[in-house]
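Below is one structure. I have some questions about it.
The first chain written gets the first letter, and so on, giving A, B and C; residue counts start at 1 in each chain.
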Amino acid sequence: MSAAATATDVPLPARKKRFNRNEVLAALIFVLPFVVVYAVLFIYPTLQMIWLSFHKAPLIGPGTFIGFDNYVKLFKDKLFGVAFWNTVYFVLLTVVPATLTALAIAVGVNRLKGWMQSLILACFFIPYILPVSVVFRVWGWMFDSQFGILQPLIALVAGDNVPVFRTLPLFMPTVAFITVWWTIGFNILLFIAGLRNISPEIYEAAALDGTSKWRQFTRITWPLIWPVTVLVLTIQLIAQFKIFDQVYLFGNGGRSDATMGLVQLIYRSAFQKNNGGYGATVAVVLFLIIVVFSVLQFQMLRARGEK
Amino acid sequence: MADIRLVNVSKHFGQVRVIENVSMTIGSGEFMVFLGPSGCGKSTLLRMIAGLEDIDGGEIHIGDRRVDELPPAERGVAMVFQNYALYPHMTVRENMSFGLQNIRTPKQEIAKRVAAAAKTLELEHLIDRKPGQLSGGQRQRVAIGRAIVRDPKAFLFDEPLSNLDAGLRARTRIEFAQLHQRLKTTMIFVTHDQIEAMTLADRIVVMNNRKIEQIGTPMEIYSRPASRFVAAFVGSPSMNFLPVQQLSDRDGKAVIRLPDNSEILTGIASSRLPSDGQVTFGIRPESVKVSANGAVSGKADVVERLGERTLAYVRLADNSVVIAEDEGQSRINVGDQVKLDFDGASSHLFDSRDVAYSAG
Amino acid sequence: MMKSFLKMALLSTALLMPAVAQAQEVVTWWDFLGGGDGVRMKALLEKFNAEHAGKIEIQATTLEWGTPFYTKVQTSAAIGEGPDVMTYHLSRLPLGVSSGALSEITTDELTAAGLSGADFAESNWKAAQVDGKQYAVPFDIHSVVLYYNKDKLAAAGLIGDNGLPTGLDGVDNFKAALQKLKDGGSEYGISIHSAAGDSQWRIFYSLLGQQDGQFLDADGNFLSGDNLDKAVKATSVVADWVKDGLAPAATEYPASIALFTGGKAPLHINGVWEVPTMTDLSAKGELGFEWGAIALPTFFDHPATWADSHAFAIPNRVGNEVSAEKRAAVLQVIAWMNKNSLAWADAGHIPAYSPVRDSEEFKTKQPNATYSILADTAVFDPSSVLAGVASPVYDAAGNYLMPAVNGEIDPQSAMEQMRDDLQGQVE
């Protein structure tokens, strides 16, 4: 201790140390706002949520501690099972199709030049900037069982008008389709950014190597775009696990128990039935599911990309 | 191995004309260098031969086939890009095998060819690395390897050395020469570095401004440039150009008078020169010696000591500057008054349309 | 420098003081009234503010109807940041009280504002109480009515001598009438909003009430005893229409209205809140036929129609209680709104305030007067935290009743599942 003190008396190290302290201070000042915001807006509420899940409590106000009772109830809750499988089903219906479709469109758009490219890209991107309520209105109107402009087409196939949002087997696939339509613009953008990063010379080299279009895609474009694909898949996975708006809006008034997702169960428990403790429990479980799935997926995909 | 013939080839990008009516023949097994300043259309011409750019007019033949309508892969040429364009996600082996796999070459055959190329290019210990784990020079060798394994009728190189440092550049240049000697395949090599051109080429195509200025062996290009552009572009330091005061004749050879009234007898036949007498005098620095009994005098502005020789930038009476050579141990200093001896026999004249006239 | 700044601050405060002292009471108001309701409420609010200039000023905000509104009310009440007064569905009152969002209104306060229970229909006034305590003051009674296309009905011989529809009472009669209308060239006999539980709930609850069925009995049991059979009967009535193509299956709200206004269905069951829609279309000459609205026919033993009330409630303000003056002002607002509720009747509603309902002006107001009998035959949603607007009961209606109506589940098992589900949610 005293040895260290004498050491700092030597001018050079002392100066060095002061410089370091300044640096640390500056680093702290720059990092602090984020840390504070993150702690206040993320860490603290998350801990509160976990704490709340061990209570029988209303949405607002204190409750009584009940240990793991909420969790026990959750695993017996038929609705939780339904909501879980609906969520997984929705994730399956959207994540991979949205990614593949976005990639296909991006590859196509990337071939266009100049204003044509901008125009087509804008066409695919416009849905993304729509608020969900507009998406709901537009598609609700197009699919309307009485007056929807898609019904003549549907009647051609099905023989009669079909109320798609009130036909259980069609509900999730249709909402998934609409979701893909709605959100694909962003994925396309990510893919286009990725595709533009591939040097045109590589394609020229491939052309000289006599690569067929298909092999060019599978052996060159696809591997080179793989990191972007992993990113898109992961973003999608997390977003779709949190599915709420579309399913809620399209299912509202209908068989909402049969079409319910996990976030909707949280909403229903906490906000509609004023059961904050149980809502928090579902939220904690969803949080864990998302963490596990996204980490798993990311690791798996990255491992495959590395090969 | 095949010859390559271009007949009246043209190309424009939108309104910009990049290549205009270019014709040439590259002999089978020849090492041809495209030389020219940046932006003159060398790469474009090379890419047109490779099939990476369509041509707007003319014909391209490789061997006995007309290829300008064929896709790149069917032209039987291999190209090495300036930035190598290796497949970043494939190992060295995969990079080299890829093209062969595309044409369904048997596995054994591929392995054999890749091994041979790797051996030649000393890439064997790197064979399972990816391009990101290689140095610039190694990447460049992989790019060449990728070309070699395909056993092409011709190799096209687009400034393959420009990304290398000076030392590696010199060494690799020699490797290129050796490679050509061994393979004896037709090669086209694009560069704007005249040393590369001079040392590697069987013949050089000097290009400027969408057109071919001259095609010839390195020595032809150097000693008998076809135009003022070629004369100025080739050779370092550049050729001296001096205005001619008066053109006269002595025994059928042209005599010129410089602005400072000194006269120089050239080796150029007067009869070949244009009748208007409007000419510019050109002479390479090595033909202008600093000499005590030189006919022209001036003041040394700059002295560059290069070791084996010394260059003096001499300002003449009329303020024009001539670069002259002196021996390595030259004693002249900046500001010295010096006398210059012009070797008129190896001088050049250029007419008002920049057409060059050389002795012999 | 600092001193002069302080002086300035003091000075400006001093200048402001008299203004503050004389300031009118500002009453913060939240409602969930959109569409035609919103337009009419806005007019009422402006009128109030004009009449009370300098004394009371209402500052109103309109929020999203349903669960979002009630969630916001509840959360803001808990931290004392809610409004001073707000609109509230009486059906939602039990849940509001149980979650502590509502403040009791005392008889003294009511009296001071000139209001008394005697001024309201008894069932209506009771619906504003929980455990005998008053938590809201009713403003209107709104219900569902039968809209009709007079031209089509007349052609089918279904208009009586008094100019009103006739021959529609009784399950079989009504169905026969629908068939007749359909045979007369209409696409459907009747148009209903069959794609959602809430609209179906209103019809169902009316038909259950007409049989004296109890959805939730005094012991807290859902569809106990023969109530289940009555519920099945009620469900089957509508399910039969859909099955026989007399009513459209799984039809969304706007489409169900369009079927009626477009002349494709000569009858339509919907809330009184759509009266302005019809009035406006008719005034613009875009309807193409003469329309009217009557109370739901009596399908079973006696008239009864589901009803709910828009009411005024005062949220709890935990830790941020308002002054007695402000509370008095709030009650004045509530009383004024009720006394001026004739204008509100333009939105199709029936004023809850009896003096207005009994006034000559209202009695001649069409079509309201035709169905004003509703005020006496109204059956309000069961008084339970599980019932009311956007409640588990409404969800259950979507989950079981709606598919039963559309023929996806048979009515018997639908009602059994609905009963079990709701019973399971009783804490």
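One rule holds for everything that comes next: contacts are C-beta pairs under 8 Å (C-beta built on N, C-alpha and C of every residue); 3 or more make two chains touch, one makes a residue touch a chain.
Please read these numbers as outputs of a predicted model, since none were measured by experiment.
Chain contacts in this assembly form an open path, with each chain touching only its neighbours along a single line. With centres computed from Cα atoms alone, the innermost chain of the structure is A. Taking the mean of the C-alpha atoms as each chain's centre, subunit A and subunit B sit 57 Å apart. Once the centre of each chain is set as its mean CA position, subunit B and subunit C turn out to be 90 Å apart. Averaging Cα coordinates per chain places subunit A and subunit C 38 Å apart. Taken in their complex, subunit C has these residues touching subunit A: 67, 71, 74-75, 78-79, 95, 98-100, 195-199, 248-252, 254-255, 258-259, 385, 390-392, 395, 398-399, 402-403, 406, 408, 421, 425.
Partner subunit A is touched in their complex by these residues of subunit B: 50-52, 71-74, 77-79, 81, 83, 85-89, 98-99, 102-103, 146, 150.
Residues 199, 201-202, 204-212, 215, 219-220, 223-224 of subunit A touch subunit B in their complex. If you check the complex, the residues on subunit A that touch subunit C are 58-61, 140, 144-147, 163, 165-168, 252-258, 268, 271-274.
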